[in-house]
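Scrolling down, you'll hit the structures one after another.
Two complexes, one shared chain (chain A), two partners (chain B, chain C).
What follows is the complex of A and B.
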């Protein structure tokens, strides 16, 4: 329904959307966008620089209580240069700004519609954007309907079906039955354990797409025995990741060779720790560590529990007696986000996808000192000034080459210091009817439906 | 009888107050931060502070409760922290769905349960009796999760008789209605059988048979009505449980009912929504119990609602 100034395709590559081109100042504080002409909102009003300003003034005003206030609060000022040029000024250098505009929350809504709905309760508002499909109705818990927008600015990429009905179906077995019965043409997602049920059926196919999720086990680097880098490296050698990928993920994953997934902007292939029990034992002997009792936290989803139990079994081989604590989502997040003094986290199995698709959001919230809980998600309580300096350098400039160089160095430091046990990057599986094509799950987990069509 | 009715309705007030306090406190004892759940993993501490203030979570517990109670008494149950829609609007969308499903499944349960129970009791120790009691045992033991998926596989995926899931016309109600009704039918069948057997051993039944009454007349006019009191109790209880939403069946059939909303809201720590739903469920349960109590009097004139 909505489009941003820039957006991602189904491979998470950035594309011009409502802006045809853009410029950033070398110090990464001003960003100028040259907008596409002749674009109309679903309500018929024209899209222009005023509309863009209205949108970002709205989200950066804390009184509006919009969910993504924090994402855009760095924008100090939005100016209309002329009807189709708009200039943003940030309060401090922010090299990852472009990716932030591509975030799904950067979708531009019609100012006329937003003003009209300003006093109406949330459910009374009709979301009005510029995308190939426009809103018809939303019944919470039941369905969302969108239909083809005839005046879409880019007919070549316009809607190819009249209507999408999107339903929330929490139970995977039901989703698969819906696809098999022809009640659904696309499902998000197919759990790895149920892939076999779809394979070999001529009416359905698996739509696989590599994710930008990386999965890992964070070790609390402020506590023994994980203060010692050799111990952390040893555990990396002690895990047979491929065996877990082949069993739990039905083979749909590849070894993580960086804290970032390959489709994240700024990714560099650094190295993997091969499965080598001998080496693991040597390193642990050097560190003088044996017979450790510790805990591993994970969510209580079936897949997470399977992974946690596999890790538990493999760590036993190197003398780690690990208690698996699988917790319900809200409880787990409450425990994880406790202050350092109260935080009981030792080992944490988790995954992360940077919603902006940019290296900054794939590293900073997870590994920089400023991101220790409760502020953000640095579950390893890692504190590495060298790494923090690279992250900062990456934000000080908008020059892509300089940024890439900084993040490459940051990734090398992480792989060497091993605050995590690096596991894998997974592939997301959608199920699709063979009557249709053009739909996959985006690398960030959201269904990518806009190019869907009937064969 | 009228004063009894009024007294029972008035008794609703302290019950609901108690429920609301208990729910309010229990929710806050459970670990988990509503602000974190609403804002997501990548929100900063400053965002969370902001949301907590917005939700009033920074105030003291009694203050939070009184604010909520005051608004609730004015018909405002607050807004969902998940969808930001008013709680009453979200519940209002789900209640009719749950009522429909409950009506279908209780009908299925009562019809199948009574027929099976009566058949089994009147053909005591026959093959039919054993067969239906084994079926009833299976009905109680079968998890609705499995039964639902199996029914879906056979009648939706293979035969295409019914849609797999969702809400729509009557066809959408058949599979979930049967899945839900099966367990209750089994319980009703067993209670009907044992209660009817007990009555059939009474002297007045022997008298009725002895004076040459037809078997049908004996069972339906004399025995059944007297055997129904425990059955009505069980039906009332089952009805109450079904109205509280059938989480598993609703989840399996992606049916937009109250049960699923409740569970989703709990895992999301959506406090206003959970409080609203539980208050409504508690009121329904109390009202059903009242109806059941009144039915006793109609079935057995010896029961009085006296002062």
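What follows is the complex of A and C.
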């Protein structure tokens, strides 16, 4: 329904959407977008610089309490240069700004509609954007219906089917049966445990797409025995990641050779720690660590529990007696985001997808000092000034080459210092009826349906 | 011996003890024998697990994930490549332990409460029975979950939860029996000679309510095993990698279509154990209940 100034394609590459082109100042503080002409919102309001300004003034006003305020608050000022040119000024250099505009939350809404429903909930239930499909109805918990928008600005990429009905179906088995029975043409997320049910069925196909998720185990680097880099490296050697991929993930994953996934902008292939029990034991012996009792936190989803149990079994081989604590999502989040003094986290199995598709959002919230809980997700409580300096350098400029160089260095530091046990980049699985095509799950896990069609 | 018996019997036929009588009746009950055999097998399996299992129950072999039953793995392997046969045998010991200890804990508390309630009557009886009613108003499993939520997950806590939720059933049964037994002459006699209350309860009432308690205990073991498995299924009981049947069943849930053996065998184990204890319990009741003698 919505489109941003820029967006991602199904490989997480940045593409022009409502902006035809853009410029950034070398110091990464001002960003100018040249907008597409002749675009209309679903309610007929013309799309122009005023509309863009309205959108970003709306999200950057803390009084509106919008969910993505934190993502965009870096924008200090939005100016209308002329009807189709808009200029953003950030409060500090922010090299990752472009990707932030491409985040799904960067979709532009119709100012007329948003103003009409001055109270946000009304608008939230009847959204108006510029996309190829427009809103019809939403029955919370049951379905969302959208239909073809006839006046879409880009007929070539316009709607190819009349309407989509999107239903939330939490139980995976039910989703799969709906697909197999022909009640659904596309389903998002087929658990690895059940993927074989789709294989070999002539009426359905697996829509597999490599994710921008990386999965890892963060070790609390502020506590023993994880203060010692050798211990952290040893555990990296102690895990047979490929065996877990082949069993628990049914083969749908590949070894992580960086804290970032290959499809994240700025990714560099650094190295993997091969499975080498001997080496692991040597390193632990050097560090003088043996017979450790510790805890591993994970969510209570089937997959997370299976991974945690597999890790538990393998860590036992090197003398780590690990208690798996699989917690329900709300409890887990509450425990994880406790202040450092109260935080009981030792090892944490987690995954992260930087939804801006940019290296900054894949590293900074997870590993920089400023991101220690409760602020963000640095579950390793890692504190490495060298790394932080590279992250900062990456934001000081909008020059892609300079940014890439900084992030490459940052990734090398992470791999060497090993605040995490690096596991894998997974492949996201959807199911699609062979009657249709063009629908995939985006690398960030969101179903990309707008290009769907019947064969 | 044979001679002396032959001589003795005609003179004074020794009154056969009630217990021996019951035992004979039990042996004549086929269903009970069947249940008893199952129970014995499970106990034997659980005890012998460390000696007869081919694999370590928690040793993983991810390269042999989800293998169907075969001569190498009699009941196949789970997603982590662990031998399901070995896990089920070890699981038997765990389930039996929870079953026995849980039922005994509930039984111990329940018997004391029931004796006190039935013997003293009046306000004490009133208070205890209302508390029991309150507890009975909760669905059993829900109560167990609530208890776990308070004291935390884990095997020991499951025993406590199962024990607590068995208390009201025991209390009621014991109180009922005490009410009828205490009207009998030997109790009045004991009172007349000045026996203190605790002595009457201990020596005169308790032995006479033992039969229903024993029956209930057997039945409650089945319930306890089932409840413990349910709690583990929900992730509140045994924690990984403990080979507990309910937890194993839960592990197999996602593979019902592709690798049904992962869920089937632990499920069968639970079924057999519960069936065994219930049949045995039924048989015991029939054997011990005097009304059945007519």
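Throughout what follows, the second predicted complex is superposed on the first by the 449 of 455 C-alpha atoms of A that agree within 3 Å, B and C clash if a C-alpha of one lies under 4 Å from a C-alpha of the other, contacts with A are read in each partner's own complex, and residues count from 1 in each chain.
Convention: a contact is a pair of C-beta atoms (placed from the backbone, for glycine too) under 8 Å apart; a residue touches a chain by one contact, two chains touch by 3 or more.
Just so we're clear, the structure is a prediction, and the values are computed from it rather than from any experiment.
Applying the stated clash criterion after superposition on chain A shows that chain B and chain C can sit side by side.
Centred on chain A, the angle reaching out to chain B and chain C in the chain A superposition, using CA centres, is 40 degrees in steps of 10. Shared-chain residue A:243: touches chain C; no touch with chain B.
By the document's definition of touching, of the two partners only chain B reaches A:374; chain C does not. In the superposition on chain A, A:183 contacts chain B only, with no contact to chain C.
Contacts of A:326 after superposition: chain C is touched, whereas chain B is not reached. Considering which of chain B and chain C touches more of chain A, the answer is B.
Shared-chain residue A:313: touches chain C; no touch with chain B.
In the superposition on chain A, A:80 makes contact with neither chain B nor chain C.
Contact with neither chain B nor chain C is seen for A:114 once the two complexes are overlaid on the shared chain. When the two complexes are overlaid on their common chain A, residue A:305 makes contact with chain C while staying clear of chain B.
Figure legend note: chain B and chain C, brought together by superposition on chain A, show a least Cα distance of 10 Å.
Residues 173 of chain A lie at the contact with chain B in one complex and at the contact with chain C in the other. Residues 30-33, 36-39, 41-48, 50, 54, 79, 83-86, 89-90, 93-94, 149, 152-153, 156-157, 160, 163-167, 251-254, 256, 260-261, 267-269 of chain B are the ones touching chain A in the complex.
Residue ranges on chain A touching chain C, taken from their complex, read 172-173, 191, 193-194, 196-197, 240, 243-244, 246-248, 300, 302, 305-306, 308-310, 312-314, 323-324, 326.
Residues 58-60, 62-63, 65-66, 79-81, 235, 239-241, 251, 253-258 of chain C touch chain A in their complex.
Taken in their complex, chain A has these residues touching chain B: 62, 65, 67, 69-70, 121-123, 139-143, 167-171, 173-174, 177-178, 180-181, 183, 328-331, 333-335, 337, 352, 355, 361, 365, 374-377.
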